[in-house]
Structure formats: C-alpha cells, structure tokens
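The two complexes that follow have chain A in common; it is paired with chain B in the first and with chain C in the second.
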Partner chain A sequence: MTAAAPAGPALEALLCSMADDEFVIGSSDSEWTGIAPVLEEDVAMSSLAQDEIGHAAALYGLLAGLTGRDADALAYDRPPDDYRHARLLDHGRGDWAMTIARRYLYETADAVRLDALVGGSWSPLADLVGKLRREERYHRMHVEAWLERLAGAGGESRDRLETALRSLAPDAATVFTPLPDEPELVRAGVLEAPMPALEGRWRETVEPVLRALDLPAPAPGAAPPDGREGHGEAFRWLWGEFTSVRAADPGATW
Partner chain B sequence: MTPTLEPWEVFRQEREGEPMRHGGSVMAPDAELAAHYAREMFGRRQESVRLWVVRRSDVIDIDDADLLQPPLDRSFKKPGGYVMRDKLAAAREASGQPKPKARSG
Partner chain C sequence: MSERAVQVGIARTRAGAVTGPDTAPGLAAAEAGPDVGARTEVTETTVFDALAEVMDPELPMVSIVELGMIGSVTVGRTIEIALLPTYVGCPAIEMIRSAVEHRLAAFGRPVEVVSRFEIPWTSDRITPAGLAALATAGIAPPRSPADTRCPYCASEHVALDSVFGPTQCRSLFYCRDCRQPFEAIKPV
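After this line comes the complex of A and B, so read on.
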C-alpha cells in the first residue's frame, strides 16, 4: 500500500462490511450451482456468485494490507458473530424469486455505495471501486431483467416475488447501517456522504421501479443501528458450509 | 403466459480485426436474456471482445442439395491446376507491396 490510509479503524470497518457483504451474497448465490431453473441460468448465477467472491477477495486483500492479517483468515477464520454483512443477506437462498429479490435490493444498494466511494481520497479503494462498478453493471442488468420477468409473469412467479420482497422489506435498507466512526470517513474524503444520505439516494432509485411494477417497497424508516449484527440461523448454516473445507484441514496450504 | 425457450446462435470475436466465428448456441426466452446468457457462456473469461447473438429462426437456412450438391461434374468450377501463389508473389514484388495480413471480417 503506497497511499497512507486515513481514518484507520473506520476504514477497516468499511472494508470489512463491504467484503463481508460480497462474500456472503456470493456464497449464498453459489448454492444455485447445479439446480438453477435452466442450464444457462445455472451458469449465469454461478458466474455472478464467483464475481462476488472475487470482489470479496479484493476487498479482504485491502483489509489484510491495513491490518497485517491474511485475507483467507479474514474470510474464513472468524466466528459467525464477527461477520459484518448486512442483515438483508442473512435471508437464505430461498426460492428463485427470493434470490432475485435479495439480489435486486442488494445490487441497487451496492451501486449507490460504490458511487459514493469511487471518487474517494484513499486511492487503493477508489481504484478498486472503479473496477467493481464496471462488473456490477452487468449484475444489475441481469437482476433487473429477472425482476421484470417475475413481476410481469403473473401467477405463481409474481406471488413468490411479492412474498420474497415482503419478507425482505424490514431488512432491505440494512446495507446502509451506519458504520462505527463513519463521520471520520466522510471527513477524510473516503466516503462522499454518510450512510443515511446514501440510503435516501437508494430509495429514490428503487421505490419508483418497484411502484411501477406494483411490488412491495422496502419498509420505511432508517436502517437500524444493529443492521450488520445478530446474524441468525440461516447465516450460521451458510457459515458452516463455506468454512467446512478449510476447517477440514486447518493450516493446510491450498 | 409461459415464455418458451428457443435457441439463439452466438458468434464471437476474439480480438479486434478478427472474423466473427460461431461459438455455439444458448437457449433463452427473449433477446435480452439471450444476450446475458451469451455473455456468460462465451464472454465471462474475457475471451471475446464482441458477440453477435442471432435468433436461430432468423437465420436463413439453405440445405437444398439441388443448390449446394448438384449431381453433375463440377470439377471445371474448381481452381485445381491453376497455381496463383507464384504469380501473386511476382506481382507483389513488382509493385513493392507487402504480403497483406488476414482479412478482417
């Protein structure tokens, strides 16, 4: 790392939240490998999941550079309660409609977050975000195509999508849970605006889309302060899955 | 309304200037998802710089043997026995032009 990192612990908390978001949604979506609705979608969803894991690897890499810890250790060797992903991503894979609903809410939120970071003052992160945004463009195209199709198909497809969006609504905004020492990140110019402001931008993006499709909107009100904590049973199960190979032979070189 | 999957043919270009080559096909219910799936199948590893995605039913299919494999002797239409290579090389030398690269498609 050449550029000096501003706002140490605050920056670490930001990187950890982003990396955990990408790592958890990637791990969750990868559960579709082999069982997606059609072969092409199976390849597409597996590839999207790999992209998210790749983004997580890059973000854990930055965090590792700041903390002196190993990126794999950050990804795999923490107990489940130490992960700081948004509670939106704790809703397990579910059916296809649930995966699409969760991806839609997350990808749109992530896009707003990345927009607020790309011009940031810490160049290692700003440079990485510039690359992430280019890949996330396709992710949004993919999920928006599916949201429209499930909504427009009527019948069971639409019912399942509405059910999924309703069950996600209370946690939909948790990507914008205020981070510890967040004002320092804004002061240091790493993050363009505080999370509540970003949440407002996100609502202006998604609410008209969902309204036009006559779909349930995210619950009103700001993200709860504990929106990145208290991960439930679904995440504990997923954590057991994604740590199982590494746990099978601790300390092995892969 | 249940969308029906149909085949789409995908052509890919590996590098700028190279011809579009047939990569394979994907099944998709419409052009938008066909483009997404083509990207995943033939472009996700940075192996393509351009894709063409064509609904298979839009391709003009010609397999009429009367047109393509007529029964009489066609050997007089083939250039066998007429060697161009030396004449071309001589002409190139005379005009001072270098040997052209493969034509872009």
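After this line comes the complex of A and C, so read on.
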C-alpha cells in the first residue's frame, strides 16, 4: 500500500532530478572500472557506481509508480535533453582529480538534500532516503579522504585538483537549482526547505573545508534557473554509452 | 551459536542449497516439491523455516534469515514476504526474490515478495548464527576498523585496506600477524 502522493508534478520533478543525478554520476564513476589509478580505487569506484545506479533505480521505481511509466524506460529511453541532472555532472569523467572534485561537490550537496527529505511527509521517499543516507556516509568518507590527500600532496596532484575545482566552480551549486513548483513540495512537507535555503546550508559545509585546504570555492551566487538543462557534448557521449546495450536490442529481456 | 549450526550452514552450501531457479537444485528444492507442500501446514513458522533454507547468492554460507533480511512474514490467502535489501542497489535482490518464490511455491499459495525500506536493514540484524557462519568463511563481523579482528587468527593487528570490497556490503582488511587478507561486513 502506497501513501497518497502529495504535490503530483512537483514530486515527480523532484524524483526525476534526484534519480537523474544518481544515474549520471554513477555512470561517470563506472568509467573507472578497470582503469582506476590503483586496484583499491578500481574496486571503490565500481562499488560507488553500483550504489549510485542502485539508488537511481529505486528513485526511478518511485517515479514509475507515480507516472505509470516503466522504470527502465525512464532511465534509458529519454532523449538526452530530457534528463534533469545537475550541470555539475556534465563535465565528463576527466582525470582522477576531476572525479574527486566532482564527487566531493556532489556528495556534500546530496547529503544536504537527503537531510531535508528524511523527515518528509511522503513515506515511500522518506523511508528510502533513510536507507540511502546510511550508504552515502561511506561515499563522503571516501571522497573527503581523497580531497585531503590530493590537496596535501602538492605538485601535480594539487595543480590538477585546483584546475578541476575551478572548472566545476560555475556549476558547483546546480544540485540546488530550484525545481518546478518547488513551493508545493515544501508546503506539502515532502521537502523541509526550499532549494536556496539548502544551498546556503551546503555552502556553510563546503566553503570552510575548501578554505582550510586553500582550494577554489564554488562560484558565488545562487544556482542558475537552468542548472538542470542544456546538457553538453560530454553528457551526449555518456548517454550514448549508457543507452547502447538497451539500444542494441530494444525490448530484450534477461 | 553452535558449531553445529555452522556445519549445517556449510553443508547446505556445499549441497548447492542456493535455490534460485537457475541454479542446480539443492537439498531445499529436493525436500520441498509441490507434493510435500500440499501436506505442509502454512504458518509463519513453517514459512520462516523454509526461508532459512534460502541462501544469499553473494554470501552462500548464510541464509537470508540469518542475514536479517526478512522484515515480516504474513500468511493469508497469499504469503507476503517483506524483504529488506542489505543495500538499495544490491544486484542480488532479484535473484533472492525468485529464490524465495521458488522455495515457497511448495506451500501452494500465491507468494508476494516486496522490497521495503521503512525498516532499514542494518548490519546489526545479522543473527549470531549468521555471524558465526561468516566468520568460518573468513569474513569478519561488522565492527569499526579499530574493533575488527582477524577471522583466522583473532589478531587485533589488522589494517583496513579499502572500505569498498567485492560486494557492496564488504570491506577489505589485511592481518599483519598471519599475513592474510580478509573481508569484513561493513557496519551500516
């Protein structure tokens, strides 16, 4: 039995944004399988990717329940422009420093978002988020350790990390792009606070950490209204990769 | 937790008791054909006993009951099983679901297996028997790295190699005394 869903289209937009975020970062992470810098990181990135894509599957499942669409169709059968992930995740896999910088900015933002959802009024999502938070804790430990390691190593490691953070800075806050009809979600008690407030909490978390490491901070100013649109070439390539098996034999079953 | 239970667990595993429809039929499947089911009383207890024969595909030395993956069993016109995934993205869930349906088919009633999150699975749900079976297979119980002991020589002189291991629920450690790498269940 599923609790009645409040704020229909707004809730669908929220689920779609979260599912697409997890699906896209998981797909990017999975590109390291087999080629990560060390064996432990090969295992770690593969495990992280598996977690994120699993989280996406659960979120697409909730969205499918609301819309009557098939979860796999939601994941694989949309054209690239219909995905609603944050532009932060659109920069391509890049080098190891880029991967760590992106994961750091995303995981910290996702944690703030999950904190604002766990006590929410729509139990299917609040229950799932309760479980997701337990897993994401390990993701943050992993990426925070790597951020400090690369920043503290000096030389090329640090240079590459600074370059990555600088190129991500303009899109760093796009996880908090306001959603369509977002006030509905807050009124219905699904989301504890609007995105600009969550963005403020996130900046209070990450800015002191980056400052202490003397690393470039996210660009100032609120997330742009189109922060989940206009996906570029890097995403189109990734989309081609993650839809390739599905496209190879449409309608195939396992 | 008795040594015997461990041995039974191992015996089951060795007999191929991972009873997914795609795996070789094991003891459980052999014991529980549809004829037997017709004579078996359907109660929460008998259903639980049957579930205790469904082994985890990724940790075949423990059953899904020992792992604490059964949230509830409701026996009515249908048999409803609330399954608590260890991880949201656990790739074994579909296999476990079909193994449960396959095993419970013997009771002759419709079976509904639903994944649920309102009771989150945590590593504290693993039973003492489950922990012992894992330890026998060289997998340490869920503890903080400082409290983790080598499952082979009980040394506390161990190092966490990687939080992430061969499956989502396991980390990699190394024992500096017996020089054996080992795995541990991640505390969640």
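The rule is short, and it goes like this: the second predicted complex is superposed on the first by the 253 of 254 C-alpha atoms of A that agree within 3 Å, B and C clash if a C-alpha of one lies under 4 Å from a C-alpha of the other, contacts with A are read in each partner's own complex, and residues count from 1 in each chain.
In this text, contacts are C-beta pairs under 8 Å (C-beta built on N, C-alpha and C of every residue); 3 or more make two chains touch, one makes a residue touch a chain.
From a predicted model like this one, the values you see are computed outputs, not experimental measurements.
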Superposition on chain A - do chain B and chain C clash or fit: clash
Contact breadth on chain A, by residue count: chain C or chain B: C
First, second, both or neither for A:40, with chain B first and chain C second: both
Touching partner for A:73 - first (chain B), second (chain C), both, neither: neither
Touching partner for A:54 - first (chain B), second (chain C), both, neither: second
Partner chain in contact with A:142 - chain B first, chain C second, else both or neither: both
Which of chain B and chain C A:130 touches, first, second, both or neither: second
Which of chain B and chain C A:153 touches, first, second, both or neither: first
Chain B collision site on chain C, chosen from 21-29, 111-119 or 165-173, when both complexes are overlaid on chain A: 165-173
Common interface positions of chain A, toward chain B and toward chain C: 40, 43-44, 47, 138, 141-142
Residues of chain B defined as touching chain A within the complex: 1, 3, 5, 26-29, 32-33, 36-37, 39-41, 44
Complex contact set, residues of chain A against chain C: 40, 43-44, 46-48, 50-55, 57-58, 123, 127-128, 130-132, 134-135, 138, 141-142
Chain B contact footprint on chain A (complex, rising order): 38-41, 43-44, 47, 138, 141-142, 145, 149, 153-154
Chain C - residues contacting chain A, complex: 87-91, 116-118, 120-122, 161-166, 168, 172, 186, 188
